[in-house]
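Consider the two complexes below, in which chain A is the common component and chain B and chain C are the respective partners.
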Partner chain A sequence: MAVSPLSAFRSAARNQTARFLVRRLGRLAASMLGLLTISFAMIHVIPGDPVRAALGPQASASLVEQRRAELGLDKPILEQYLDYVTGIFTGDLGTSLVSNLPVSQIIADRLPNSAQLAGIAFVVIMGLAVPLGMLAAVLTRDGRGRTTELVFQGTTGVLAVVPGFVLGVALVYLFAVELGWFPVAGQTGPESYVLPVAALCIGSIAALARIVRAETLDVLGEDYMRTARGKRLPARLEYLRHALPNMLTSTVTIGGLLLSGLVGGTVLVEIVFAWPGLGVTAVSSVTQQDFALAQAIMVVLGAAVLVANLAVDLILGFLDPRSTIREQ
Partner chain B sequence: MTTIRILVACCLVAVVSACSDAGGGEGNDQPELAEGATFTTSINADPGNLHPLTTVSAITNSVVTFAYDSLILVDPEGEIRPYLAEDWEVTGARVTFTLREGITCEDGTELTADAVAANFEWIADPENASPRYGSGLENYTVDSDDVSRTVTITLEKPFGFLLENAGSMLIVCPGGLADPKSLSQETDGTGPFALSDYVADDHVTMTAREGYAWGPDGASTAEPGFPAEVVIRVVRDPSTAVNLFLAGELNDIGASGPDEARLEGQGFDVTEFPGGPAEMWFNQREGLPTADPDVRRAITMALDLDALTPVLTEQAGERAHDLTTILPDPCRTDSIEGTLPEFDPEGAGELLDSAGWTTGSDGVRTKDGQPLSLTASYASGEPALDAGLELVTQLLEDVGVEVELKGEGQNAFLATLFEEDPPWELAFLSAAISYPSGLVVFASGPLPPQGQNFAAIDNPDYERLADEAQGTPGQEGCELWAQAEGALFERADIVPIAITLAKIYTRGASYDYGLGATSIRMYR
Partner chain C sequence: MATTKDGLVSALRTPTGAISTLMVAALIVLAVVAPYIWADEAARVDIPGLLEGSSSDHPLGTDNLGRDLFARLLVATRLSLTLAVLAVAVGACVGVPLGALPTVLGRRGGRAIASFIDFSLAFPSILLVIFLGVVLGVGAHAAVLAIGLSAAPSFARLTQTLAASVASSDYVAAAKVLGVPRWRILARHVLPNVAEPIILNVTLAVGFALLAMSGLSFIGLGVQAPSYDWGRLLNEALGRIYVHPETALGPAAAVVIAGLAFNSLGEALAAAASTRPAAVPRRLLREQKTPHPASVSSAVGADAAPGPALVVEDLTVSFPSRFGVITPVRGISFALSKGELLGVVGESASGKSLTALALAQLVPYPGRVSATRLEIDGHDLRTMPTTARKRLLGTSLAMVFQDPGTSLNPALRVGRQIAEVGEVHGGLGRRAAMRQAVERLRGVRMSSPARRARQYPHELSGGMRQRAMIAMGLMAEPKVVVADEPTSALDVTVQQQILQLLRKVRDDTGASAILISHDIAVVAQFCDRVLVMYAGRIVEDVEAGALHTGPAHPYTRALLASIPDMSTDRTQPLATIAGRPPDASAIPDGCAFAPRCDFATDRCREDRPDLAAVDSTWQRVACWYPRTGPVAAQNTPELVGQ
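The block that comes next holds the complex of A and B.
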């Protein structure tokens, strides 16, 4: 039976896409297994005795032993690991050593707050950094706007290197303590999102805007852009239809990395703003050696990063079918 | 300095409450009382499990004392005041409490003598693994009579602090005791507030109970200016907590170090209370240089405690007088005077010489080829302690003792202390004790892992005097405890250095921490 060249191409493309998906999902599964193992190992190598810490120095030795047995901490380490992995796959994340609450309940309570913060921050970053970077590129292309370039480069260069939590402290002092415009801390209403989101966003907006500007400048120098300008296309069409799609690949890549970074970045910002998210709980569970909770949070945060990376790879693969990422 | 809370029937509100005296302050004129207001305070960690009979956390105790009452209140002066119990009678090994009439639980049921007795039976049940059981309050029988509203606890042997210890235990209502798991996130007590909202790692909200009139000395929630709600926010970062206070979002704040400097001189009311002591403990296991009393005494004599005190307390403390610093501190004695070796570096050197430790060419003393090199273990992360230990190192080097500082995280330090063969000769810690009997398990008895005598102290004089003091009530008992502590200092088993004075700032409210939650008043 004769096969048309077009259907052969489509079939090959489908096969390539399927292989790409299988490879990526396989890597995700392997990474998850590594994450489970590392999260278990890390919490167990932290020096200290969680039961003694929880019960205090005045607790008798017999009481400490009794509690340790209740928590299964007297079992061989391999058995504890198998219990842990089995629990993860059966949905039993265990019980918090400190609060006695099911770990799954704690995570369900806290995760949405962190996700909201990170999600809003991501949207703001992408929504501001891309147009800002493109605008800076347009205003400074071909050696124009030297002052604008200096101001843009200087400002974004400084803001990009200031850690979010340091920025957070400064924002709180100025806008909450001194001016009283926003709440100092906590999740008390829409206004309480402003400062933590700003602390998370400002550095990333500055960093991404610099990259977008550089990418846009490259794209604007391409032949097809000169052709577009030669056809006297309206600026809106020139930049949005021709320039934007061509600098989107690198922007999405960087955006994905920023999203992964936000997962970790929210931890410190949440502490500064006493935000009821997973980051604060993560820190307390590690310091208190609340094994079950700390392990579960590490897995959830790690999985969020892995899934974000997978999503970026898939988006890149589908945005640009010629991308070499599909071959990796 | 890291605090090892060895609280015997004394928890944070007992630490804060009992610990601070009223008001004081930099003198704000209090404005008009506010009705239906919310008192907002903060804690620096999640309170976790709210069961008052299973927690040892001072933070958790600071929360649950809004919802639970005790039989008596030991005020900051050490006086005992009526609370749930209107009367009591104590002999050496027996105490009888008589309950007030009309006390009700959150669910409206009356609190009976049987229900109170059930609390003491509950903590004694090994299955419940309650840390409240022990340290003197152990091996007892409980009798109760609902008609006469009396609860009697009889120990096997006399215990000098029986009244204070048993009377300070928070009482849980029958519904809570029947379903103890529910108490991890709910309350079921007789206190002035009942828990209305708890979001882990974020906040706890307590709502005032109507009709409550059985607080200390009959205090009630119907008083003008009493808050309708108490909100306890979890704020981990101390600077954030101070920001919240400065912005008017908190009514009180405990602050220290650089953050406290932001509060000073701004006209807020301030209450001072003694915090944890700074102490040095010697590991006396066989084969270690510090097993030798002469070495311990020489090291003690080499330390200038007057110079160390301001460094360790960031200029906000004083020299310790005894080992019990946390109020109510019923035994206010000076067990150090005349017992603790005084600062005398020359004498320290001579003592080491006579003990066979001779100075080598590098300035470090040696004996039988072994250098006098000691490891000092401590919980790191507190700048004042870091600075203080640098000074300790320098002072000991001056007499030929080499010191290696080993700082660890709080939990790791605690684990290191309780190792079977711990890798330290000196440990710097803060044993925050309110009753001298609380020290016994740490200064005598079996070593870890069987016991809690982590420094391997073997002091027959202390054990004899402590045993005698254990069964002696009142001032006579306190004198014996002072002698027992003195025996520890004479042999340089423990060196108390300083006490930190903690401060609580208040705005928009007044709070007599010594009298508990019923003393809160809100202002416009």
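The block that comes next holds the complex of A and C.
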């Protein structure tokens, strides 16, 4: 059978893509398993009796025993593990020890609110930080605009350090208490999103814009940008067509890190604004030792981060034809 | 640790470094002394005065037991800082050994650790907080452990990267060959070398840990009453924000200031540790490749059509610098006839590349270009309106750069990059422009041009990329093609093809070409006329054919004499020109070549010769004592050999 070199090359390329996909999905599966195992192990490494800890010292011994049986804690550990894993894949996340509600129901109530907040914040961050950083780079390229550079670096340097919960408190005071433009807390309508999203975004925008500026400055110093300038293209084409694609790889990578950072940030900001999301639930599950709920929240948040990382890797793999990420 | 100390000292000299160092020092002093001074006041319960706002007695008000919040804020410095430092200690103690492990373990074990680090880097710290909060119970200990452990992967990654680069160095390889045990290599060679960046990272990590710890205390998963840190104080103030917002101000400011102090100190240290790139653009400083031998053949003179394609008068390029204004190009004048092939030759830093960039108006900021005349095809660039000038430069002038590997945009398809010139300046549609781009690729003898147009630059060979660059320049039918070292980055076998292609372009389109090269042999072979540049000036303007019969400037002659040919005596070292070209910031008053010239007199050193005609021919030379006759073979007394 004669195979032309070209078609052999094409099928090799297809195989490479397939291998890349399989490897990535395999890694996702392994990470998920690790996550499940760690979250399962949590209740078994609690010193003392977790059920007793959750129900409190006043609960009767029979109630504790009954709960233990309900939770399957009297079964052999391997069986418990299998039950746990199959439970998660069938949507059965157990029962809250405190409220006695199905955990899956609590999560289904809460998760969408958190996801909305984080999702909007992510879009706002990427949508503002990338153009801001590029603009700053263009204005300060080759050592132009020293004052602009100073102002930009100073402002973003400070804002990047202000944590979301502190910023949240400041925003509540200024825009909700003093000016009364936005609600102080809660999820009441579109306007109630403004302050939480701002609290979640501003620090990340500043941090990301700094990185984007540095990346853009590197790209603008490249020979191919001189070629583009030599063609006398309109600024729009010069920066958007020639510079932007060369920064996408690093921007997407940082975007992925940002997404997992947002998970933690959302929890804090939700507390400030009493947002009916997973954050408040996560904190109460810990303070009340409601380990079934805490376990499920760990799995859900961890899985979200893993999927986000996978998405970033896939985007990178297909975005940059030379990307070495495919080989890893 | 000397290097860290040096880094700290030089970091201190910058304003940011000095301020952040002072702030960190102040925080540490406060953490030590505050509890001794204000502990009593912070604990004094005053029931009648509870939940007061700001007053002269209590600048930040009082809490629900009437305790002074300002005193509590100051006292809380110690706990806030201590917890952050503890968390970082945990992170470093777990992370650094973990990251060093791959160096000690074999390949397989190392890889397992590396993927474990990858795995844990991806997880947000809040998961650990939940895990440890449930397992250990809510409290500062669980929070410190959680923050520390979530900082560990980044310490591990840093150590791993640093250790890997040290481990692959020659001296570690030598130690391995000598049979030094791995743990000993780690202790002796690896750890001392990675210490500085890790200490720097610790500073940054303390800032992050401080913010994270405050966050956890704020949401009730960190420090528990009756202890208090800034996060707890902020938490208590949040409920009162309607009535006494000033109570929140103190802890919020404390958290931000402390975070900022550690962060800026870390960044100042990092900036001091990394040597900053020079202000002068990289490509101006880039070393030229060493000239390679090439044979000299007689130049093929082409009949040039009358009328100049390019007129340059008194072209000067200068850069402001720390040492005053430097002027790498100093008053260059020449005219280029239509269809002429002009060579510009000179050593590195002779100003030839900057001359090319100045013609294309691409001199990087903050360079300044001036000229009394600068005309392309009869249009004066200096007086034209901006849009017309851009159009003229985008269409009439084509630039071909030295390294086609970096001059083509790696993210765009080759055809796209060529076609866009036609779209922007030629008013062509996307498809028509692409068709023309493929035609141009065919014109530069690119094999299967339609397929190449769809490929990315990295899929082409070096020669093909340079052909693509030339095709790009031809898209708009240029009057002048400026090729700056177009073959220096290419294979010797490809060089001739590219030069022939440039000549073909001239023959086909009637465009003039300027070939800039350090290689006088290439220029002599390829061009009709040659400009020899030295220290920013033209020292000789000579017909290529006359290079063999009578170059007049001693520099030109020395350049020609340094070309080895088949008859060169291989037992002798190759001829060179002794000395170095002068620095652009310190060009002597007289003839710049005088210090290296065998014929120089006091007149040469004091009085600079202008470019003037030799014996009423159109050959011009800037020399008081022009030479005559053919250049002698190598290693003769005329040359300054070694």
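Here, the second predicted complex is superposed on the first by the 285 of 328 C-alpha atoms of A that agree within 3 Å, B and C clash if a C-alpha of one lies under 4 Å from a C-alpha of the other, contacts with A are read in each partner's own complex, and residues count from 1 in each chain.
As a convention for this text, a contact is a pair of C-beta atoms (placed from the backbone, for glycine too) under 8 Å apart; a residue touches a chain by one contact, two chains touch by 3 or more.
Remember, predicted model here, so these are calculated numbers, not experimental data.
With both structures placed on the common chain, the touch criterion links A:Val22 to neither chain B nor chain C. Of the two partner chains, both chain B and chain C are touched by A:Val272. Contacts of A:Val123 after superposition on the shared chain: neither chain B nor chain C is touched.
In the superposed model, A:Pro183 makes contact with chain B only, not with chain C.
Put simply, more of the residues of chain A are touched by C, taking chain B and chain C as the two choices.
Applying the stated contact rule after C-alpha superposition, one finds that A:Asp49 touches chain B and leaves chain C untouched. Once chain A of one complex is fitted onto chain A of the other, the partner contacts of A:Gln58 are limited to chain B, with no touch recorded for chain C.
Applying the stated contact rule after C-alpha superposition, one finds that A:Tyr173 touches each of chain B and chain C.
Once the two complexes are laid over each other on the shared chain, residue contacts for A:Thr287 go to chain B and to chain C alike. By the touch criterion defined above, A:Ala108 lies against neither chain B nor chain C after alignment on the C-alpha atoms of chain A.
Judged by the document's definition of touching, chain A residues 46-47, 169, 172-173, 177, 271-272, 283, 287, 289 lie at the interface with chain B and also at the interface with chain C. Interface residues of chain A, counted against chain C in their complex, comprise 31, 34, 38-39, 42-43, 45-47, 141-144, 157-158, 161-163, 165-166, 169-170, 172-173, 177-178, 221-224, 226-234, 237, 241-242, 245-246, 248, 260-261, 263-264, 267-268, 271-272, 282-283, 285-287, 289, 291, 294, 297-298, 301-302, 305-306, 309, 320-322. Within the complex, the chain C residues that touch chain A are 119, 122-127, 129-131, 133-135, 137-138, 207, 211, 214-215, 218-221, 234, 237-238, 241-242, 245, 248, 252, 255-256, 259-260, 263-264, 267, 279, 281-283, 360, 362, 364-366, 390-391, 393-394, 399, 401, 403, 406-412, 417, 420-421, 424-425, 456, 458, 469, 472. On the side of chain A, the complex with chain B involves touching residues 46-50, 52-53, 55-61, 63, 66-67, 96, 98-101, 106, 109-110, 169, 172-173, 176-177, 180, 183-187, 271-274, 276, 280-281, 283-284, 287-289.
Of all residues in chain B, those touching chain A in their complex are 4-8, 45-46, 48-49, 51, 56-57, 126, 129, 131, 134-135, 181, 184-185, 199-203, 233-237, 239-240, 243-244, 246-247, 249, 408-418, 438, 441-442, 448-452.
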